[in-house]
Structures are given as structure tokens and as C-alpha cells.
Amino acid sequence: MIDKAIDGAAAAVADIHDGASVMIGGFGTAGMPDELIDALIARGVGDLTIINNNAGNGEHGVAALIREGRVRKIVCSFPRQSDSHHFDAAYRAGKIELELVPQGNLAARIQAAGAGLGAIFTPTGYGTLLAEGKEVREIDGKHYVLEYPIHADFALIKAHKGDRWGNLVFRKTARNFGPIMAMAAKTTIAQVAQIVPLGDLDPEVVVTPGIFVQRVVPIVSDNIAIAA
Amino acid sequence: MNRLNRDQMAARVARDIPEGAYVNLGIGLPTKVANYLPAEREIFLQSENGLLGMGPAPAPGEEDWELINAGKQAVTLLTGGCFFHHADSFAMMRGGHLDICVLGAFQVSTTGDLANWHTGAPDAIPAVGGAMDLAIGAKQTFVMMELLTKQGESKLVEECTYPLTGLGCVSRVYTDLAVFDVGPDGASVIEMVEGLTIEELQRVTGLNLNFSKSVEAA
Amino acid sequence: MIDKAIDGAAAAVADIHDGASVMIGGFGTAGMPDELIDALIARGVGDLTIINNNAGNGEHGVAALIREGRVRKIVCSFPRQSDSHHFDAAYRAGKIELELVPQGNLAARIQAAGAGLGAIFTPTGYGTLLAEGKEVREIDGKHYVLEYPIHADFALIKAHKGDRWGNLVFRKTARNFGPIMAMAAKTTIAQVAQIVPLGDLDPEVVVTPGIFVQRVVPIVSDNIAIAA
Amino acid sequence: MNRLNRDQMAARVARDIPEGAYVNLGIGLPTKVANYLPAEREIFLQSENGLLGMGPAPAPGEEDWELINAGKQAVTLLTGGCFFHHADSFAMMRGGHLDICVLGAFQVSTTGDLANWHTGAPDAIPAVGGAMDLAIGAKQTFVMMELLTKQGESKLVEECTYPLTGLGCVSRVYTDLAVFDVGPDGASVIEMVEGLTIEELQRVTGLNLNFSKSVEAA
């Protein structure tokens, strides 16, 4: 019997190694796998490449990873936030590498990785600083920039419900990067508010099929109300 | 001169958004446009973080922090709205499915180039978010901004000096003093506030502006 | 009030013109918009480019369009079927142009069109007849073929339920090409077994958001059982 | 010589599919493999038309023609299975998410090139379907075929003469006479049917074959 459920965030991230590339879902607080990030911090590995939309704020999550000096490089669209002082300090001190990617290219490159494409021509960013040095091409009168897929060793995401086969559903705008990161990482670890019996998730309604998920960790967060 | 305040600018933009339009309102000033869309007009607001049919802010205490907008504020979902993942959300933009995107700007050129993500200051930490995708994706990109900086320099320019967000992507610019169409043929003034003259607008912008017939007749 | 519901297949396809490119959903009988195709045949326009996984079989649907000489070109992955004699005859007589596309590239090119990409490097077909004359590139040690998006003027698809905003849900394997074709066509026309009141479709469960659908036509087919 | 029949071949392939594997079984002969997967082993069958967790054929009269497989036959869905659209389905293949794909073939080369979509006959109407995506996408591509044509020619060849489906994509070939690993280092025989000798297999294939230790010892 296949059971991808795993007990506790620490066990779920126990093989994330120094130098790993780690996608982290979430946009704002929605979909942020806080408990998995905490477990990753507790694990103590470093030299990580983090792929997330932001670069953390305040003292928890991605900001705490950066504060603890665990992040060699961050790939994101919007590092500057109201309270991103740990990133700001590390960046100004030259202690962290930043790859700044327009948000839609970030999503498209993650999706391309999951879909096995070698590269994509995207119109976003053409003619801007963020396309400097990149291959460009005119196709049917429009200009495009060649962008490469973003793969990762691990993805840490947060879903609403999961089952033992790894099928996932999400809740509202907490869906965001979760489904595409699950497809782009070698090992996807999903924290869910609830593990339900196989068959409880309507087959029409599964957003992320279990094939894209290797581990499901039930974690009841107290900061988000859970709807039925 | 009846310079428009920010709410009046938002109301002016809202007038040009027809029923049935799919619209993304950028962070900051454009967010205000939502307050002036008439309730009887069905308009679909998209949020880049995977939401179509965005409704107003919830009552205090009713926030659901898994239901937020691009500015990470709590919002609501209209009946008939739906959720989707980030790749689909940006496919919606990049694929030309949105009718209108309203953005703020540092500068817009008379040919429609947009600069709104980065001042280019050497010590600034760059951050782009969805700006570049939004700028080039929608069928029409509207900009909403004060025409002049605090120092009195025109933000509608011959050529942007700030780093670009997108090339030739803006079609219309709404300001506190006038409304401009911009594009390959340069800038045309299609509306001015009461009390402003063609000569004065030429002077403060320092631009070679075209004026639509209705503006000239006014 | 926005109401995309339209009464009758004939009215729904009334602006499909000579020379139009038309995507048609469906894989086998599942998801095939039979009544919309019948209406298109009845409309009498020709010189069409049809994008479908197959090239029709028997006497109905795409096969009938071909039989009536309405199709100038077909883009598909598998034209040869048990009973594809109308395509076979037209093809051998040189009366129809065939663009043969591996099924996954067909899906990826349709998806690329909907997402506004200019081109994609795909590994499928590299080193085969179907990549002859196409640009190839080695990326990270793997070989890829450059493929371009497939756009269309119209998409005819079949969904399970829809609402007046054009939101759609599908049923079982009838989903197939529907959601991606809806994104790739200028005008998407969806026949649905049932139009439901706005709000009846769970926002977490909508597969195709209304932005991708211009017309919804309620058509009760008698050959498919309709589940609740 | 105990030449395997098609059911025995299917049973042989099934033995090599471990619990938890995500598997696509191609149209035709490979479909039979499903009949030999032990019920107590949870294995996930994918169908290219948007289905994961495919179950057996329904009882006659219970067919739902919106629940079909790639061969357009009625199937069922296991508890825990789910549906998705065509782009996601082929992303599943092309993105390397499937563990095993089992395909039929006209020819396989000793280096793992596959020819299974087109005879190359000048009057044939070409049709490829999902063959090229399946061939190159899975972590391992198994081929299942009779080793010899009716004319007695080996279908395992130095170089394919039929048009290719994919280059270097096959890792293992199951036949009625032997099982081969193929790849950059050529073909190795890892199993032969009882009564077949190394010399005879060399002779009928006309190939320079390697033999694994266990085969040589047998």
C-alpha cells in the first residue's frame, strides 16, 4: 500500500541537503508552508538556492532562513517588502545572490520545468534590464526573450487537503505557486491542514495529482481558518 | 485650474471601463478605481495571485488571509468568481485575455514605453513583481499618474530615463491635468481639466503634443 | 448584466467565416462538441483549418466536415482511425493538407498560444521525420525542437456545466483538450449539458474561468449519461 | 524452446513493475500488462487523455463513453484516481514524472532508438498520436514485442530502418525469446527462455550481443 503521509515536518525535510535548490510556495501569507520552513531552518543545512515569489519579511519563514545565513541564492520576483530587512541587509552586504525574475516568467519557467520543455520564448521583459544579455527573437512581429526552465531538488508547499496518494486540493488564493512547483521539483513535500481518506477528494476536483507529490505532512496551522 | 485629486482620477478611469471588461488594477493608485466602478456594471477584476471576480475588502474582523489580492490585502470573491494557479493567472495576462490593465508609473513615453518598477538608483534593491507581465499582456494598458513630479517635471516624456518596464505597451495615460493617448504616432491630448490651456499643457510637459478636435474646440 | 448563454448551436457559430481556423475539442467521442460541428456544417462555410486530435471517423463530426469539402487543412496527431475513410480519401486525392503533430506537442503548442509564448523548445520528436527542417538545439545535454504556438479564430468545445459568466466544469475524460483550446482561440464556444445559476459552480472547482469563454450553449445530448 | 506467448510476455513485464510505479501502457500489446499486475500491488496507470488511476474495463452495459482510455475503450477510475487536461497529461510524460512506459515497436536498435509509429511505406497515411511523447518522457521506456517478424527478421537491430519515434529512449526490450537491456553500450541479454542457446539467439538476431553473467551461467 502506498502511503505518502509522513509524521511531522522534521521527518519530511530530513533529506534536504547542503546546496539543495528548494522551491517554496506561497504569495504573502497565503500558501506559505511555515512549519516546513521552520523544520528546514531547524535542520541547519545551508548553501541553499531558494525559489519563492518574495525574499521573506519579518522574522519568520524565508526571512529567518536568510537571517541564519542558509541561503546562497534567491530566485524571486519581489524581494523588497515592507519588512524585508534580513534580505536587504544580506543583499547589501553581498552575502546573497539575487536572480530577479518577472513574476509571470517565474511561473512560466517553473511550469516549463515541470512540463519538460527546454526553453521558452516569452514576451515579458523584452527591452528591459531584466532581459540584458539574453537571447531575443522577433516572432510574427512581436519580440520575445528566451528563458530557461527552473527546476528544483525540493518543493515545499502548503495545500488544504491531501490523501495518501498525494492528491491535493488548495484553498482560495493559497493555491498560487503550489501546483506548478509540485510539478517542477524532484521531491515535493506538501503540508496539508487535513489528510482525508482515499476517495474523499472528488476526482474532478483534485488540483495536483499525486504523481507530483512525494510526501504529505498533516499540520494544523492555527492562523488560518479552515473551511469545510 | 481644476486639477483632479486622486479619487477624481480614479473616477475618470472608471468611466472608461465598460461592462463585461476583464481588468487588472495594479498596486497603489489604480486600486482606487475599483471604488468608482458602478455597481450595476458587471466588471471582472483579476488579481495576479490567482483570482478572477475579486470583490471589495471584507468587513473588519472578517478577513481570510488565504483570500488576498496582489497587494496582500484581504479581499472577497464575488459570486461567480474563481481561483486558479499562478501559471494560469499569468497566462491570462501574457496571452492577451485581459481587456484592460491599469498601472501606476514613474514615466511614460509619448510612444507608450512604460517605466514603473525601478528608479535606477544605484543603491535601490530592485523588485519587479508582476509589473512587466501586466504592462505587456492586456489588450489595453492604461496608466494613471500625476502628470508632474513634485519638482514640476513632466512624467510624460519623449523618452523614459528610468529603467523600462515594457516597450510601446501603454495606450492611454490618465493624469490630474489631462488624458492622453500614446503610441507609435506620439501623444494626443483627448481631454484637459477645466481652466487648463493648450499652451500651458505644452509648456509644463515640454512636449510636442497633438490635440484632438474636441479639445481644440473646448 | 453579462450573460454569455446563447440559444442554439446555429446562433453560436453564426460568425464562423470562410477561411477560419477552428479548434475542435474531444478525444474519441469524449468531449466532442457534436452539435456545434453539425451547426458548422449546416452553416456551409469552407476553406477551414481544423485543429483536432483526429481527422474524424464514420459519417459525422469532423469526418462529415471533410466529406463536405469544407476543410482545407487539418492539424492533428492521429488522422488514421478505424473508420477515417473520408479523411483518407481526401488526403490521397490531395484535397486536404495535413500537419501531423505529436499529441503532446499539439497540447503544448495550444497551451503556449493561450499563454502568449512565442515558441517553445520541446524534446518530443527530436531526431524524427516530424522535426525535419525545424530548428533544434541542445540544452543541458538534451535535444529539443523549436515549435510554435497554435492559435485559432474559434474553439468549439464541450463541457459539462457552465454559467452565464462562461465558467466551465468538465466531466471525466471529456475534459481533454477543452480547457487549453478555450485559452488559445479568439472566440470560444462551449456547448454544455446544463447552464447553472451563477455561484452554483464552486470557485475552487471551476476548470475554465469565464474569461476564456465567449459563448455558452446549453445542449442536452442523449448519448451521454449526465451525472449530477 | 519455450517461446512466450503474448500473455506470458505481459506477465513477464508486469513482474518488473514495482509497487507505487506511475505507468503508461501503450495501445495494443502493452495493454495486456494491466491484466497481470497483482491486485495487492498499488500501481498507478496513466492514460494520455487525462486520467491517472485507471481501473479495469467496466462490466458490459456499464460503459461511460466519457471515461475512456487512449485506445478509446471504456475504462473505470480507481478510488483515488483523478482527471486533468491534455497539457497537464503530456507534461506528466514529457516532464519525466512517469516511472515506466511500455510500448510496442516495429524495431528497436541496440542503442535504444525506437521505431513504432510509421512503416515508412510511401502510400501509408502517417499517424503518430502520443507515441513520440511517451517514448522520450518516462524515466524508463520498456518495449514489448515479438523478437522476429513473420519473415524471421530480427526487430532488435543495429540501426532502425523504419522512421524513428525517438532516439536512445528505450532501456529494456521484452520479447518472446529473451529480455534485453539496450542503451549506449549496446544490447545485453538479461534473460532467455528455456531451451534457447546463446548461439541461437546470436544467429537469429545477427547482432553482437552481450550476455549477463546469470544468462551465461544458465
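For reference, chains read A, B, C and D in written order, and residue numbers begin at 1 within each chain.
Convention: a contact is a pair of C-beta atoms (placed from the backbone, for glycine too) under 8 Å apart; a residue touches a chain by one contact, two chains touch by 3 or more.
For each chain, UniProt lists the protein as follows: A, B, C, D = 3-oxoadipate CoA-transferase.
Computed from a predicted structure; not experimentally measured.
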> Using mean CA coordinates as chain centres, what's the chain C (3-oxoadipate CoA-transferase)-chain D (3-oxoadipate CoA-transferase) distance in Å?
Replying inline: 29
>> Can you work out the whole-Å distance between the CA centroids of chain B (3-oxoadipate CoA-transferase) and chain D (3-oxoadipate CoA-transferase)?
In response: 55
>> Report the inter-centroid distance (CA atoms only) between chain B (3-oxoadipate CoA-transferase) and chain C (3-oxoadipate CoA-transferase) in whole Å.
In response: 35
> Which positions in chain B (3-oxoadipate CoA-transferase) touch two or more other chains at once?
Replying inline: 77, 83-84, 87, 90-91, 93-94, 137
> Where in chain C (3-oxoadipate CoA-transferase) do residues touch two or more other chains at once?
Replying inline: 108, 111, 115-117, 122-123, 170-172, 203-204
> With chains as vertices joined when they touch, what's the shape: line, ring, star, complete or other?
Replying inline: other
> Which of the chains are touching one another, listed as pairs?
Replying inline: A-B, A-C, A-D, B-C, C-D
> Which of the residues in chain D (3-oxoadipate CoA-transferase) come into contact with chain C (3-oxoadipate CoA-transferase) in the complex?
Replying inline: 47-51, 64-68, 72, 77, 83-87, 89-91, 93-94, 118, 123, 125-133, 136-137, 163-167
>> Which stretch or stretches of chain C (3-oxoadipate CoA-transferase) touch chain A (3-oxoadipate CoA-transferase) in the complex?
In response: 108, 112, 115-123, 137, 139-140, 142, 144, 148, 169-172, 202-205
>> So in the complex, the part of chain C (3-oxoadipate CoA-transferase) that touches chain D (3-oxoadipate CoA-transferase) is made up of which residues?
In response: 27-31, 77-80, 87-88, 91-92, 98, 100-105, 107-108, 110-111, 122-130, 143, 170-180, 207, 223-225
> In their complex, what parts of chain D (3-oxoadipate CoA-transferase) are in touch with chain A (3-oxoadipate CoA-transferase)?
Replying inline: 19-20, 22, 42, 44, 46, 52-53, 77, 79-84, 87-88, 90-98, 137
> Okay, in this complex, where on chain C (3-oxoadipate CoA-transferase) does chain B (3-oxoadipate CoA-transferase) touch?
Replying inline: 1-2, 111, 113-117, 163-165, 167, 183, 198-199, 201, 203-204, 206, 209-212
